[in-house]
Amino acid sequence: MGKKVDLNCDMGESFGAYSLGNDEALMGLVTSANIACGIHAGDPLVMDRTVRLAARHGVGIGAHPGFPDPVGFGRRAMQLTPEEIENDVLYQIGALAAFARSVGSELAHVKPHGALYNMAAKDVVVAQAIMRGVTRAGENLIVVGLAGSAMIEAARETGLCVAREGFADRAYEGDGSLRSRKLEGALLHDPQVAAERAVRIARDGVVVAYTGEEIPLQVDTLCVHGDTPGAVEIVKAIRQRLAQACVEVAPMGSFIE
Amino acid sequence: MGKKVDLNCDMGESFGAYSLGNDEALMGLVTSANIACGIHAGDPLVMDRTVRLAARHGVGIGAHPGFPDPVGFGRRAMQLTPEEIENDVLYQIGALAAFARSVGSELAHVKPHGALYNMAAKDVVVAQAIMRGVTRAGENLIVVGLAGSAMIEAARETGLCVAREGFADRAYEGDGSLRSRKLEGALLHDPQVAAERAVRIARDGVVVAYTGEEIPLQVDTLCVHGDTPGAVEIVKAIRQRLAQACVEVAPMGSFIE
Amino acid sequence: MGKKVDLNCDMGESFGAYSLGNDEALMGLVTSANIACGIHAGDPLVMDRTVRLAARHGVGIGAHPGFPDPVGFGRRAMQLTPEEIENDVLYQIGALAAFARSVGSELAHVKPHGALYNMAAKDVVVAQAIMRGVTRAGENLIVVGLAGSAMIEAARETGLCVAREGFADRAYEGDGSLRSRKLEGALLHDPQVAAERAVRIARDGVVVAYTGEEIPLQVDTLCVHGDTPGAVEIVKAIRQRLAQACVEVAPMGSFIE
Amino acid sequence: MGKKVDLNCDMGESFGAYSLGNDEALMGLVTSANIACGIHAGDPLVMDRTVRLAARHGVGIGAHPGFPDPVGFGRRAMQLTPEEIENDVLYQIGALAAFARSVGSELAHVKPHGALYNMAAKDVVVAQAIMRGVTRAGENLIVVGLAGSAMIEAARETGLCVAREGFADRAYEGDGSLRSRKLEGALLHDPQVAAERAVRIARDGVVVAYTGEEIPLQVDTLCVHGDTPGAVEIVKAIRQRLAQACVEVAPMGSFIE
């Protein structure tokens, strides 16, 4: 059987009068959409529009729960109790699931957003709280988390399906962690460089670290950033190179068990 | 078959550090709980706690969607578009439904809150927008609305089950509308007066208007206000008088078809 | 003495990760900036940045208070009590004034935003509540309101200085009111048409209504919309035509007494 | 000259329909009120009411800025940038100052709230960001911070007046830090015990730590918690014992230079 990989993108991050991202153009290019749930971003109208757009394109609909910090866009770490995290996640999944069901679809996955994602990658207590929320939502959701992180481990221990995530447009450190956005060289802007990286990750299971060495990296899904200027070009390049490399791009739900 | 009536109460209106109402005491006395959904009031922790409390008491769990106006507690009229109302309602039902399902229960009804309730009683466009949200939620919810109002009519036209609501502790005008809270005599504080009124409404289908005449009033559920000082005494008095009058107090879902 | 007119523009409407408008380009072209105060739009960082930008350009800094409805961007009518309006306005002026003072500047004017502006144009109770908030702020602010509206009258009765506002890129009805944005032809997109209109208003004190007749219109300031695609071109055209017509563009504070 | 001490209390923490604390009763017993600024708690109406109440009692009015986390009541640590903290503080001081000025009064002090207070006690970067916000507000405010903390040091280095704060109803560890609220014995509920402690701190400059030893503690103001059940009794006991011990209770502004 050939190699497969999912392409996921954060979507539905507009809010009221504010537009963000390029959902219309990107929805036709990815296989999974992480849709904001009205707490760190998004609102009911945006959720409705984005869920319909994803359904129309056959793109997997995922909940993208985040911290209750709209001005910080869910990107600022917050010290919530595990119980708060669990119930915040359940709330956001429930809200989005109603929109999915209302168009005859259902949620396929959940991917925590921003600071919640980053904290769950390292802090098992946070990761486990998220898993309790996901489990209680009872939607058989695939959990998307950073490959090799505490979130992946917590999801597996909970018995949830996982999608290990990699980044074609981010630099990796030698230990397999993502290079901090605050440091130089953290982001790759050249579509061809990102596409080549996507092939190495998806086909060969390796990535070249910032410090030069090859490190192993097994992923099920590659994240595409929708709010960067050249996002559409990067995704198109990635798809083209993956096709040339005989890696099939498919929704994570079609190959993750 | 004997007369039956449901007793409903707004619950789960606490928020973060703020406590409101007396849910613990009242949950054992009512048959339906209208639970705030985190938008005009409530938060995920409060929703979780309140849903569990209702489930433990066998009280019907209902969504209580309101306007996105926390400082106004959803009590201030807002001019939303029908599409905004529809999706706001769907969002809030979806969020609460996740909590109900997570404890092995499900939603029984939906009752719009505050200004949304009042607007829907008179404005058919608002009422129809709510019904679209309720229909899309697909939970076979009973819609609770002011007896004789546009909301009841819109729900019926949509094919939804309805519970016509009356108020034992509010004065009625001669035309069957509720006397404005801004006017003298709008609220009845004497538990025995409220209880007598509950009996007249539930058993006889009449209420004595503020202006003295008897007017017909068919209801399925009586609203009990949880945030008034003597709420517990009023509900106890109502239950006692209803029992004496051989009116059975039962969850609306048990007798509304 | 020659004719003078102010050009005002809403600014500082970005919020967290969300960008809105084109403040950098427009600040050099207008004479007064209405800066959002963190309630319907804006946040402390955006306020700081926008106040500094205005000060650098010698543009008059004005408070732009709106309804507490971020998802609706303050554009949805809300039924607040006069006391709520008064204190909401005072709050927002106070917050922005601190930023102005912190860069050695001060507030010059106040212009209510969106639905609050529209309600105050027609509802004297709302207008008077705003004036109480402005008066209590004690900053000797000029009140910007729709020419001929209840807000202008309420401001004058309160003893506040007023700037009567007109719109170069909006259609007027025969009675002098603005044509609703919901109706066809409400917005003028052609820079030259808007510029010609600006001259007629500022130099001649007349505007051609949607229905064809000339109506009198005395204004002190013309509103420029910053969030329309061709905003910069429209403002440039307006400035050019006003210069040719010998109408001086100057901050309202320099000629209103 | 005799010993003096200020008594401060958090006030104005109600929000919309939610009441918190016992401001009416406590305002007559303290000398400084830390008033929430509408971000973590409070709203414009509550701010107005609380500022008037403080002015009527001759109680020092202070800004009580907190994190933008209403559901967490500003008690959850958030990782803001220094620039965000600085501007959030400036915003909140500015908003409250407008209310103080509007009743002919002015702000006397600023005390960060909850998690912001706790972070500033230990993290000099946070403390310095607060000081920049306070300085920019330009109101000659006294900064209230935990005695011996990084906040006091940062305020002094900035050239601001400081009030070192102690707690009569909290346990201290041997190193002078406050015993965590998560640990047993963190709170003292007996009014006489708290009052005795207040005397030892204010008159003798010492406190008995949880572990039994006397440690030095120089304070200018004692914090009184308004949301604990016996708050009024505790404050009355403290005042009585301080009077017996010839320690004068006076607003911090009257003796801090």
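Going by the order they are written in, the chains are A, B, C and D; count residues from 1 in each one.
Quick note on the criterion: a residue touches a chain if its C-beta (ideal position, glycine included) is under 8 Å from a C-beta of that chain, and two chains touch if they have at least 3 such contacts.
None of these values were measured; they are calculated from a predicted model.
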Pair joined by the larger number of C-beta contacts - B-C, C-D:
C-D
Interface repeat test, B-D vs A-C, A-D or A-B, passes over-half contact pair overlap for A-C
Rounded to a whole Å, what is the gap between the Cα centroids of chain C and chain D?
40
Could you work out how far the Cα centre of chain B sits from that of chain C, in whole Å?
43
Residue list for chain C, restricted to those that touch at least two other chains
71-72, 84
Touching residues of chain C toward chain B in the complex: what are they?
68-69, 71-72, 76-80, 84, 115
Touching chain A in the complex, chain B uses residues 38, 44-45, 47-48, 83-84, 87-88, 90-99, 101-102, 136-138
Chain C partner contacts - residues on chain A that touch it in the complex
13, 15-20, 41, 43, 70-73, 75
